[in-house]
Each structure stands twice: as C-alpha cells, then as structure tokens.
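Multiple structures are listed underneath, in structure tokens.
In the two assemblies presented below, chain A is common to both, partnered first by chain B and then by chain C.
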Partner chain A sequence: MRVASTLRFLGRAFAVNAKAVLEYRVNFFLQVFGMMLNNAAFAVFWKVLIDRTGGVGGYGFSDIMFVWAVSSTAFGLAHVVAGNIRSISRMVREGELDVYLLQPRDVWLNVVCSRTIVSAWGDFAYGFIVLALMPGVGLERWLMFLAIIPAAALVFAAAFSAAETLAFWLGDSQGISGALQEFLLSFSLYPETIFDPGMRWIFYTLVPSAFVAYVPLAAWRGLDWGAVGIVWAAALAWLLLTRALFRAGLKRYESGNKMGARI
Partner chain B sequence: MSRPALALRKYSVIASVAIREKFAYLASSTARYLTYGLFVFVFSRIWAAVYAGQASIAGYDRVMSTWYFIVAELPIFSFSAFFARVSEELKNGQIVYRLARPYGFIPASFAERVGPALLDLAVFGAVGFALGFALVGPPPVPAGLAFAVVPALVVSLVLSACLQFFLQMSLAMTAFRLEENDAFYWIYQKLALVVGTLIPIEFLPDAARAIARWTPFPAIAWSPARILVAFEPRAALSILGVQAAWVLAAALLSSAVFAAGRRHVVVNGG
Partner chain C sequence: MTVIETRGLSRTFESRVRPRGFAASLKSIVKPEKRIVNAVRGIDLEVEAGEVLAFLGPNGAGKSTTIKMLTGILHPSGGTARVLGLDPARDRMKLAMGIGTVFGQKSQLWYHLPASDSFRLLGAVYEIDDATLARRTGELVERFALAPYLETPIRKLSLGERVRCEIAASLLHKPRILFLDEPTIGLDVVAKREVRVLLDELRREDGVTIFLTSHDIGDIEKVCKRAIIIHHGTVVVDESMKELKHRALKRKRVGVKWAGPADSSLPGLEPLKHTEDAAKYEVDTTKHRLEDVIKVLADRGEIVDLTVEDEPLEDIIAAIFASRSEEEAHVAAGARA
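Presenting the complex of A and B:
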C-alpha cells in the first residue's frame, strides 16, 4: 500500500516536472540534443583510438559504448526523476526545506523529486540510441539493460544525495558533491583496468563507479544475471545509507523562517 | 597622446579591471581546475594502457601524447566561456547599454573576456605542467631549444585565445537575429574537442584529417600542443602563421556579423 502510494507520488511529481520543462519546447529539445552531441563527441574519440590500437585496457569499442550507454542513461534517469539531488546542500544552507517539512510526504523523496534537469533527458535517451545502434543486441541483453538502469540510477542519485546531505554538518557541501560527480563520471566512463589496482577499492566504496559501469559491463559480457543482483544490492545499500544520513542531518536542520510556496 | 595610444589605454583599463575581479574570485574556479587535473590524470592512464602494447602511434609516443593532451586542453578549459556571456548580454538586452558607451563593442568585449581568461590559462597551465612532470616527466623538448619553445608556445596559446574569442563572438552575435543560438556553440565546441583536442589530428583517418586541416579547429588546440611535443623552428613558425591567418579571418567575420546584427537591435522600455 505504502509502495503503491509512493510510486503514485513519484509518477505525479514526474508528470508535473515534465510539463514544466516542456513549456519551453525549443529550449528543451536544444538541451536534449546538445547533451547527446556531447556524448557522441566522445564516441568519435573512442572509435578513432580503438581503430588505431585494437583496444584499450581490455575494452573493445562495443564495451566502451555499453559503458557509455548504461552510465549515460542511468545518470540521466537519476536527474530526470530526482533533479534536486544536486541542490540539497543549497536548500539546507538557504533554509528552503521548511516548505517540504510541512507536507505529508517523505521529506527526502519530496525534495529530490521536485525538479527535473532538462539536459539529463538527453543523457537518458543517449543510452537507448547507442544500444539500438550496437550490432547483435538481442532481447535478453535489452532486458538486462532495462534491469540494470534503475539500479545504477539509484546508485547515482543516492551517492550524489549523500554528498549533498553532508551540508547538515558542514554548512556547504557543494564542493564535495561536485568533486564526487566529476570523479564518479570520469572513472565510470573509462576502462577500470587503466587505473592502478591499489586505487580500485575506491570504485567499490567511496566513488561507486563499479556499480554504474564495471559490474554492469561484467553482467553484459557474460549475460550474468547474478552481477545484475550485485548492482541492485549496492543500489539498495547506498539508498539506505543516504536516507539514514538525511534523517540524521534533518535533526540538525534549523529553519531560516524563509517564506516559500510550492504550487 | 595619439588616438591609438588612447584606445590602447582605454582597453587596457577594461582588461585590468576584469583581471582584478577574476583574481578576487579565483578560488571559485577551483572545481574547474580540479576537473582539468582529473582529466589529465585519466588520460595519462589511457595513454599508459595504449602504449603498453605499442611504442608509437602516428609518430606520437606515450610522453608526447600525455603532454599533447595537457596543452591541447588548456585552450578548451581556459577560453570556452566567451560565447555564453556575450550571447546572454544580447538576449537580456544588456547590449544596449554597451552600444551607447564610448568604446567599440568587440574590442571592449575582447579586453573584458580575454584578459581574465589569460589569468585562468596561467593557473590551468601551472596545474597541467605540475601534473605532467609528476606523471611522465618533462615534455619532449629538444635539448637547447627550450628558449625557443617557451615563447612559441605562449604566442600560440595567445593566438588560440584570440581565435576562440572571435569565433565564439561570431556565433554569439547570431543572437541579434535568432532567439536560440546555443546549438551552434555546442556543435562548434564538440568539433573543437574531436578535431585536435582529445587526440592529435594525426590520429584521424586520412580523409577526416585532410578535411580538418581546412578548418580553424586545429588552430585552437592542435597548434600549441604540437609546438610543445614536436618542436621544430620552421614548422613552429608555419603553425603560428596559420594561426595568425585564422585569427585575422575570424576577426573580420565577427566584425561583419556585428555590423549586420546591430541594425536589428530593438530597444523596448527605458
């Protein structure tokens, strides 16, 4: 009952956010197109490089394209549905949580889902386009992709949100969350093997690139559904962690008596 | 004081105010310096993996490719913000105040934007060179030629800043006629990234390389990077000459776009 109600709430929040951004259609499609173009530029780079070298760190062109597809679509989904994950720090600092505290919904969920990021729609679409263009992707691989995406999106959303939530203790954590975003994306979009073995533990803990790129690739290569389960387990662990952090932090929140309204 | 000297003084003052403002808020760019450093680190690992299996690709070895990337990214990170600011000024009507002032719109924008960007370049350069020395050692400069490489590299980077400015200015000023012009910049930005920034143009397939050479994009990132990693005095002079020619062409283009566009300025309200 509670799950159904939460899903209904998420659906409505998404519909309202989508309507708001579609109000400016030209701007919407330009941003979506721009983000896909940005991603495609890197595809050209990898194509040229791998044609020259035959592979980088054990990755072929299709491996790279899969990693881009899954990371891009999951990153996009996280920001399409929960566009406020990178705004928590600012909202805490400026006392903007008051309005959410008065509403009869889970505060964290309500905060993160109350906005959508337009350019993220381009990221979201990009992965599907890449997969559609990749040769030899059968039904089972499509299903696997669709099973991985929500879990990887949860990892992105929960990790960014956890970093932003540190604002309850630090006052401002946008620098930390900005750095996490750069590190998470930079490490996810390149082969795991190019990095020293001594630093790879970071990808399975503090900067969870493993669960948005490396483990999904292992699942994809061997059609290993067990690895998909690992991604989901990591996603749930990150989700529990970020919610516990937010709940603990909320106890320290001080209202700024800022007037505001949500329409 | 002669007219050119007065003009030079006027634009120097504009540049110096903008540089001082940039200097005061230098820490706010920390995230961008970090991103650049991270990019350099990741690409140094890519080149280490690539060159584990072969000594050279298209005449570039591991050290050359790493230093190439460090320098090629400098004009991208330091000189990419021109478009957004000028375009915004045109869209929100701020341009009207500027057109009424006793200076040329393009030269004043040049002083105001390129001055602080050169300060940014110095910081990015310091980060890049420190990382480069730590990751792969010194750049592959021929013995005894360092005295010639440094000024050639600096001139090339300054020409790159000028070229980026005039090209982005030309694109931004399409806002005189069009409501939405961001897509032009995105296409430009991605072409600049693919043609000579992420990889040297020598890596491109023959046909793509032949086309790329007839575009201004190699003059943005490839030119300074090539000067550092494969310095040869005559080739460097030729590279600088080509860059200067593109700067001149881009400056003429931006003047033409401005002249055509300013006729369409409509002032509403007061």
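Presenting the complex of A and C:
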C-alpha cells in the first residue's frame, strides 16, 4: 500500500514538474536541443581523435559512444525525475526544507523529486539517439541498456545528494559537491584505463564513476548480466548511504525565514 | 481534549561569532568562537480542541521557532511537546496527516501552475483518493470562492487570492489543527477581512483548532479567543482575549471638542494632543474618576463632541512587550551590580 502510494505521489510530482517547465515551451525546446547539440559536439571530437589514433586506452569509437550514451541518459534521468539533487545544500542553508517537513512524505524523496531540470531532458534523450544510431545493437543490448539506466541514474542522484547533504554539518557544501559532480562526470566520460591504477579505487568508492560507465561497458561488451547486477547493488548501497546521511543531517536542520515559492 | 501540550519546551541555536581583523579571522578557522542563542526557553502550553489561539510576541521572541517545533520542522533542544498525542520530532509523518499549515512567507503551491494542479499533487501527498479529493476540492472551492481563478497560474494571482488558495490547500486533508504564521502579511484591508471571516467560519463550522501568529492586531481581535504572549522565548501572558481587553478598561482615551477656544490643561492630566478648541487625554481610571474628568472638561467650555474609547489592543500589547524589556534590563543590571 505504501509503495503504491509512493509511486502515485512520484507520478503526480513528475507530472506537475513537467507541466511547470512546459509553461515556457520555447525555452524548454531550446534548452533540450541545445544540450543534445552540446553532447553531439563531443561525439565529433571523439570520432576525429579515434580515427587518427585508432583507439584510446583500449576503447574504440563505439565503446566511447556507449559510455556517453549511458552517462548522458542516466545523468539526464536523475535530473529529470529528481531535479533538486544539486540544490540540497542551498535549500538547507536557506531554510527551504520547511514545506517538505510539513508533509507526510519521506523528506529526501519529496525534496529531490519536486523539480525537473529542463536541459537534462536533452541529456536523457541523447543516449537513446546515440544507441539508435549505433550499428548492430540488438534487442538484448537494448534491454540491457534499459536495465542499466535506472541504476546508474540512482548512483548519480545518490552520490550528488550525499555530497550536498554535507551542508547539514558544514553549513555550505556546494564546494565539495561541485567538485564531486565534476569528477564523477569527467571520469565517467573517459576510458578507465587511461587513469593510473593507483587511483582507480576512487572510481569504485568515493567518486563512483565505475558504476555509471566502466561496469556498464563491461556488461555491454560481454553481454554480462552479472555486471548489471553489480551496478544495481552499488546503486542501492549509495541510496542507503545517502538516506542515512540525510536523516542524520535533518536533526541538525535550523530552518530560516527566507520568503519562498515552489517553481 | 488537549491537542497541544508542551512542558519546558526549549530550543537553542549555535552561531559563530564573526571575528574582527585578519589575525582573529585566521585564528577562528582553527578555533571558532561560538555563541549560544536561547530562542525558546522552557515554554509550557496547553491548548484544547477547538480553541482559537493568538500566539504573539515581538520579532525574535521565539514564535516561529515554537511553531516549527510543534509541527516537526525543528527538533527541540529541551523539554517535551505532544501535538494530537504525538511527538512532533519523532512522529512527523503521522502528525502531518492531522495538521495543516499556512506560512505567510512560504508557499506550498507551484508558482507557475494553477492551484488545481497543486491540489492534485497534494492529494497524492496526503494519500487522498481521487473521488474524495474531487469532492473535498469542490467544497473548498465553494467555501473560499476560488472558482474564478482555480485554473490561473499562481504567479498571476493577487496576494489575497494566493493566500485563499494557500489556506484551501492546507485544508485538503481535513486537519484537526491549523497553524498559521503571519497569514495576512502584505494583504490589503479587504483581503485581510476575507481571510479573517474564513478562519472564523472554520472555527465555528468545522471545530478546527487554530494556532495563529500575527503582528496584525486586527487578525487577533477578530479571530482569536485566547492570547499567549511570548517575549525572549518565555510566556509572559496567557489569558483569554476578554481578560486581555479588560486591561483596556483601566485606561480610557477621552477626546473632547469645545464650541470655542478652551483651556485644555487639567490638574494631574497632560493631554496627549490638543488644539485651541480640542484635546485628547489618556485617563488612568485607577487614579482619576472618569466622571470627574468629564465634569472638569465641561466646566472649561461648551462641549460639542465627546468620545470615550478603550485603549487600543495594539497599545496594550506594546506596553506588555515594553514592560518585559524593562524588567529584564533591571534584572540584568542587578545581576551585573
């Protein structure tokens, strides 16, 4: 009953968020296509580079494109559904959690799912377009892609939220969360093998790029559903960590008197 | 039945003292100096079901902090609170089903969307099924006369219309207690009157317990039956509005207009303001008999108009704030001596 109720709530929240951004349709489509164009420019860059070098760190062009497709679509999905994952620090600092604390819902879920980021819709769509343009992608690979995306999106959402949640203790964690976001995105868009083996452990722990790029690629290359399971396990572990952190932080919340509206 | 009960409810905040000078700033990075602010200091409260309570105090008195502890937003630093028999800090989600809140400064409606969309989402938030939600929305639309702007984006509504939508939204799940923090802030006189009428209706027809903070004395006079005044985080007055207004009986405002120029000076009574043919006095009825004052005024010349008014509630409350500040200053001076 509670699961059904939560799903109904999330569905309504998504519908309201989508409707709110579609109030300004021209802006919406400009931002969506702008982001897809931006991502496409990188594809051109990688095509030129790999045509000249024959590959980077053991990755061919299709590997790079798959990593881009997963990262982009998962990053997009995280921000389309849970657009406030990178606003938690500001909301804590400015005392904007009051409205969510007054409602009979899990505060973290309610906060992060109460907004959608317009440009992320472009990121979300980009991965599907890349995959559709890639030659030789059969039904099983499509299904694998669809199974990986929600888990990788959870990793993005949970990791970004965890860093933002540190604001309960630090007052302002935007510096730390900004750095984590940059690292997580940057590392997930390049081949794992170009990095020093000594620092690769970071990608499986503090900056979980491995679970939004490298492990999905391993799964994709070998049609290894076990690797998909690993991505899901990592996603659930990050989710539990983030929720525990948020719950502990909430006890330190100090509210505020800033005027506010939900947009 | 008691719906709100607190014992020694307290809340402290820690804030960093900003050092002056470069050297002190560097030192504060390693060893920051902290200051403890006691926002609420041991509040004891009991509110019965159906009461309409004004929770008053000057800025910084601890009103909003108390409301935030009663609604589960803030965790208390000390003492206990029970609202609808629940601990707000521990049973926040359960409690949220039984209370409604309207914070004048914070909206729960989507700014770019019509109220109807927010109502649909709130229906899912409060687990109201679609048929019940449609019926309840219909009732509230009728009662709050929202039909003309239910489908208009909130950003295009006047502040008064927005507040009506906010109050309606807070009542969708039929709460037993409604907390309102400055609900009429920024409203014009007509909109204020409309909100007060609606709150009064809620009390009479639905028996909702209303816990209201406001700086607007009109809100309090028109809506509330009991007043609690807090100052520096402690309760200084807890009495019925009748008793509070009774304080006004001790002071009367007497206005007089003579047919021509008259001497406005009275023995032991300075006029608050005067012209050559009119004057206004504040009469402390424990020192001067009203009858004697009027007799003296009549002796000074032919009276063409005479008014006797109670002291405005606003002045009574301001006097309570001021007297508490003076008392605390004396205590502090005594402690220093």
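Note that in this section the second predicted complex is superposed on the first by the 256 of 263 C-alpha atoms of A that agree within 3 Å, B and C clash if a C-alpha of one lies under 4 Å from a C-alpha of the other, contacts with A are read in each partner's own complex, and residues count from 1 in each chain.
Heads up, the rule we're going with is that contacts are C-beta pairs under 8 Å (C-beta built on N, C-alpha and C of every residue); 3 or more make two chains touch, one makes a residue touch a chain.
Keep in mind the model is a prediction, meaning the values are calculated, not measured.
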Chain B versus chain C as contact partner of A:E182, first or second or both or neither: first
Touching partner for A:E254 - first (chain B), second (chain C), both, neither: second
Chain B versus chain C as contact partner of A:L139, first or second or both or neither: neither
Partner chain in contact with A:V3 - chain B first, chain C second, else both or neither: neither
Which superposed partner A:R52 touches (first chain B, second chain C, both, neither): first
Shared chain A contacts, counted only where both chain B and chain C touch the same residue: none
Contacting residues of chain C [partner chain A, same complex]: 13, 64, 68, 71-75, 92-94, 96-97, 99, 101, 103, 105-113, 117-118, 120-121, 123-127, 153-154
Contacting residues of chain A [partner chain B, same complex]: 26-27, 30-31, 33-34, 37-38, 40-42, 44-45, 48-49, 51-54, 56-57, 175, 178-179, 182-183, 186-187, 190-191, 193-195
Of chain A, residues touching chain C in the complex: 5, 8-9, 11-13, 15-16, 19-20, 23, 97-99, 101-105, 110, 251, 253-255, 257-263
Complex contacts: residues of chain B adjacent to chain A: 30-31, 34-35, 38-39, 42, 45-46, 48-50, 53-54, 57-58, 179-180, 182-183, 186-187, 190, 193-194, 198-199, 203-205
